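Letters A, B, C and D name the chains as they come in the text, with residue numbers starting at 1 for each one.
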C-alpha cells in the first residue's frame, strides 16, 4: 500500500504545473482551436479575413488536387512504414545474430537517427540527381532513364528511399533492444528443434516483439506524414505533377506560398482529425497486442 | 518517547476500505509488532501513524497532541522501510544526515555527534563513505536504521525492515533490534507478516486481518488465548487444527463429539452456552500425541503423510473426513496408512463459533483474557 | 492609417473596381477590418536606422552591401541591410509586417509579386518620395514601364534582367555547329540539340529551370500576352491564353524535346541545377537570366569551355521582345515625413548612374538609367564584354507592347505554381498537348476567379 | 569519456567471452560445428559490413565532396578526395557565415533542452509525487498534446506568434517547443521506477518537494536526463518547417534552413554543391557527436519511451 503521492499542497502542485499548462494552452491548444475558427474564413496576410462558412471545406471536398495529395500521402506513409520496418527488421536481426562486435555495428547503423532530414534531403538530391548524380550514369547504363525531376513515380521512389534511409536507424534502436530481451531459452529451443534462421525470426521473434513493432508503426506513420517534409521541400517541392505532394507539403504551400490561411486551416483541421483517428486506431491495435506481448 | 493512540481510525482508498475503524493504544516505550497477512491493513496503519496517509475518519494522538492533520516531519517519527529506502547516489553518511540537514532542526555539531553515536551502536563506522551499492543487505539495513536513529525520534516506525534479508541474517538482526530497543527504549511500531518476528520482537503483538484488529496481546497470551479463529490459525506453525464438533453435555461433563471421537472438555467459562450446539474444536499440533493405548480421551486416526523434522515427526492424519496435523515423538515408527490412537492434552483445547469465528471457550481458563485493543504497559 | 503630406493618391486596381468613387475609403476600411494589430499605426522596425529587407545572396549581396556602405558614409544615414533567404521570404515577411504595422522601410519584391503587395493598399508609390527634380525620364522605359501603374512609379526598379540563351561554343564546334550562328527559333534549337546529342558531344541539347518566367518569355517574344486584360495591366485578368498557336507550338516542341532526350529537366524553379547542368557539359545550351553572365562566364572558364550568349529563341522567327524580371524596392505608406525623406534619398542613391554602374558590373543586372548606359558605352564596357552587350541589346531592341510587360496579378504564386506543375505533365507527355492546355487554362481560371471574386 | 570507453571495452569483452564459450561448447560435440558456426558468423559479418557501408555511403560521398572545389561528381572515379577541405569549411563557416546559423541552431537547441527539462521535470514531479484532484485529467491534458504536432497547427501558430509581435524572434523558435508530452511521459515512467519508499523517507524526514527533486530525483535520473536531453536536442536541432516559416531574417536563421542558402543565389546561377555538402556535414556533426557520446543513455531512455 505504498504511494508516491506524498505531497498534497494543491497550490504548490498548481504552481509547478503552471509552465507546462500555460505553454500547452497557448501554443498547442489555442492554435488548434484557432485553426478550426480560421477554417471558416477566407484569410490571408495583410488583406483582412472574410467569413465564408463551409466554403473552404467544400473546396477541399471537391478538389481533385487535394484528393490526389491525400492518396499520395497515404501511399507514401504506407511505403515508408513497410519499407523502413522491413529493412530495419533484417538489419536488427543481422546484428542480433552476430556474436562479436555487436556494439560497433549498432552505432554504425543507428546514427541516421541523428541525421537532420534536411541534410538527408540535400545529400540525396545530390547523389541521386538525374543530371549530375554520381550513380546516374551507371543506372542509365542499365537501361533505366533516370529522370525523376520529370517522372512522378521515380521521384516518389527517390524520396521514399531517402526517407527510409533516414528512418531505419531509429527503428533498429528499438528492434535490437526488443530482440535482446527475447529469452535466450526460446532461441535455444528453436535451435534444438532445427528451426531455420528465417523461420526463427518470423515465427519466434516477430510475435514476441510485436508490441515494439506496433509502437514503431505509429512512430513511422507520423514520420511518413510529417517528418519527411524537409526532404520533399528540398528534393521535389511536391512535384513533378504532384507525385510527391504529401499533405504536409500541400498544407505548407497553401499557407506560405499562396497565403491562403483560411483554406490552409481547413486542411490543418482535416489533418488533425486524421492524426487523431490514426492514433486512436493504432492505440487500440497496440492494446490488443499488449496481451500478446505480456 | 511518547505514547500513540488511534481512535476509530478508518482509511479508504477510492472506496476500498483498507482500515476499518480501529482503536489502538500504544504505551510510551513499548515495542509493538503488527502482524497479519498481506493486504490486512497493517502497513496502512503504520503509514497513517507516520502521516504518509491521512485518515478518512478518526483521530491519532501522540503524547497529548492530536496529530491527525500534521505533516510527517512535525510528528517526530522515523521510519525504516523493507527495501531500506537508501538514496543510491549518496554515501552512507550522507544518507544518514540528508534528512536531518533538510529539516534544518539540527546544528552541524549535533548531527556529527548523533552520527557518531548511532554508527558506533550499529557498528557501521567503517562504511560511512560507501554508497549503498557497495554494501551488503545487512549493512544497508544498518545504515537505514542509523538514519532513523540519528534523529532521535519519539517513535520508530518499521515496515517489514528485515524481509529482504536472508534467514540467518534476519535472526541476527532481530536480536540486534531487540537489543537496540532495550537500550534506547523508544516507542517502536513494527509491521511484519512474519509471525515469528512478531512474537519474538514485540512486547505486544497486534494481529490484524481484513482491516480490523483481531487481538492485541502479549505473545504468549496470543498463543494461549486466541480470541478468534483467525488468530488461532495465524499464530503458530503448523496452524492450529480445527475439527467440527457437536458439544454434548451430560450433567457437568462436556464432550466434543465428532463422527469418530469424543473428547472430554474440562470445565471452563463458555461451555455452558456452547452446549448442544456445533462448534469448531481447536487443537494445536503439539497438544496431540500418539497414544500407547486407547483411553477415554483418545481416538483413532489414519496417518496419511509423515514428515520427519528431526526434532519431531510431523504427522498428517485423517479421522472421518477431517484432517489435521500433529507433532509426534521423533523416530516414532509409523508409516502412511497406519492406524494410530491419538490422545489429546485436554487442558489446551479451544472452541470457536463456526459462524463468527470468535472464541467461546479456552480449556485453560486460569486467566481471563485482557481487554481487546489495549496494551498494558505493565507486563 | 496615417497618410503623410496628402501626397498619397495611389489606389489599387481592386479598390477602383470595387467602389469606383470611394476607393480610398474602401481600402482603409478593408485594412482596418483586417486584424486588430493593423491599421492602428505604422512604425519602423528600427527607429534609429533604415531597415531594408532584400533577397540578394552571395556576391550580389556583397555588391549591395558595398553600395549601402557608400550611402551611409555619404549621407550619415544608418542602414540595416537584412537578407531574407529568398524573394518568397521577403514577401511573406513583408505581408506579415504590413499586417502588424511594424514595417521595414524598404523591401525588395520580385516583380512577379508586385500586385500582391499593391493589393494590401499599404505601400507608398516611390514616386512620392523622390525629389521633384529627380530625372525620372532618364530611366529606361522598357524597365520602368512595368513598374509604372496608372502613370505612377509604384516601386523603384533596381535589379532587373531578362532571360537569354547561353551556349557552349566549344561543344558547338565539336558537334560541327557554327558557334557564331546560335539557334534563333525553337526549330533551330531542336535541330542543334539533335546534332549535339547525335554527335555524342553532350547528353542533352538544352536546359532551363521550370519557372513561369520562361513561359512568359516565349509568349512575349512571340508578341502574345499570357493572360487577358493585357497581362493584368488593364484590369483583372480572367483567363490564360492557351488556345493559341503560340501555346500549342511551344508545348508540342517542349514535349518532343523532352521525349527525345534533347531537353534536360533540372526541376521546378531549379535555377542552380540548370546552370550546373550547363556548366558541367550535360547540356550545351541554357536559358537563364541575363544577370548570370558573370557567374556563367567564370564557371565556363573553370570547366574549360568557351561560352557565349544569344537572344532568347523565338517560336517561329517573329520577335517582339522579352519581359523583364527581377525585383524592385517598395516602401510602406504611413511613415513619418522625415523617414520618408531618408528613404527617398536612399532610393535616389540606388538609382543614380554611378551606383547603377557599380551594380551592373558587380552583378550583371541591367543599369536602369540611360546615362549609366551611355557612360558604360563610352568606357568601352560593352565592347570588352560582348555577352553584356547581347543581354542589353535584347532589352533595348524590344518593342514596348502589352506583351512585354510581364503579368501583374494578385494570385501570382498560385498561377505560377499551376503553370509550372502543369508544364511538367505536358512536356513529360503524361497528358496530351490539347488536353493539357485546356486543363491548364481552367486551373488558372479557377485561381484567378477565386482571388478576384 | 572514460566511462563510455570502459563500457565499450566491457561489452566487447562480454561478447568475446560469450563467443569463446559458445565455440567451446560447440567443440564438445564436433569440430565441424565450430567450423559451421564460424562460417556463418563470417557471412553475417560480411552482410553487416555491407549494410553499414550502404547506410554510411551517402554521407561518405557528401564528406568527400566537401573536400573538393567544384563539387561535381558524376562517376565513382570522381570520388577522389580533393584538397579543399580546409578552404571549403573555412569559406562555409566564416566566408558564408554558416557559423552564425550553427550558433543559432545551437542556442535554440540548448535553450529548448534546458527549458523543456525544467518545465517537464516540474510537471513530472507533480504528476508522480503529488496528490490533487483531477490529476488524471491533467495528465491526459498533457498527453493529448501528442496529437498536436507542429505540422497540424503551424498555420494558426504563425498567426499567433506574429500577432504577439514574436514573429522572426528567438522567442518564436523556442517557447512554443517548451511543453513536451514525450519528455513528461519519459520522466514519469522513470520516476515510477524509483522505489516509493525513497520519497516516503524524504517526506517523513521533512525533505521538501524541490529539494527532493534536486538532491534525489535528478541525481538518480542522470542517465535518463542525458538521454532525453539528447533526444530533445536532436529533435530541436533537426527542426526545419517551423523555422522555415517563422524566421526570415538571416541573422536568426537556423542551420537546417540556412543550408539552402549555401546553394547560393540560385537565380544568378552560382552552383555550390561542395558548399552544400560542407554545410550538410557541419549540420550533421553536432547531433551525431551527441549520439555517439551518449548512446548508452540514449538507448536506455528509448526503452522507457516505448512503454
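The working rule: a contact is a pair of C-beta atoms (placed from the backbone, for glycine too) under 8 Å apart; a residue touches a chain by one contact, two chains touch by 3 or more.
Being a predicted model, the structure only gives us computed values, none of them experimental.
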| item | value |
| --- | --- |
| Most extensive contact between chains (C-beta pair count) | A-D |
| Distance-maximising chain from chain A - centres being C-alpha averages | B |
| Rounded Å distance, chain A centre to chain C centre (Cα mean) | 38 |
| Rounded Å distance, chain B centre to chain D centre (Cα mean) | 55 |
| Between chain C and chain B, distance of the C-alpha-averaged centres to the nearest whole Å | 93 |
| In chain B, residues with contacts to at least two other chains | 47, 52, 72 |
| Sites on chain C at which at least two other chains make contact | 35, 92, 96, 99, 269-270, 276, 280 |
| Interface hub residues of chain A, defined as touching at least two other chains | 2-3, 6, 8, 132, 256 |
| Complex contact set, residues of chain C against chain A | 30-31, 33-35, 38, 88, 92, 95-96, 98-99, 116, 119-120, 122, 203, 207, 258, 261, 264-270, 273, 276-277, 280, 282, 411, 413-414, 417, 420-422, 424-425, 427-428, 430 |
| Chain B-facing residues of chain D, complex | 195, 197-198, 200-208, 211, 215-216, 219-220 |
| Residues on chain A engaged by chain C in the complex (per definition of touch) | 44-49, 129-132, 145, 147, 149-152, 236-237, 239-242, 253, 256-259 |
| Residues of chain C that touch chain D when the two form their complex | 35-37, 56-61, 82-85, 89-90, 92-93, 96, 99-100, 102, 269-272, 274-276, 279-280, 288-289, 291-292, 294-296, 299, 302-303, 363-364 |
| Interfacial residue positions of chain D with respect to chain C in the complex | 70, 72, 74, 162-163, 165, 167-168, 245, 248-251, 253, 257, 260-261, 263-273 |
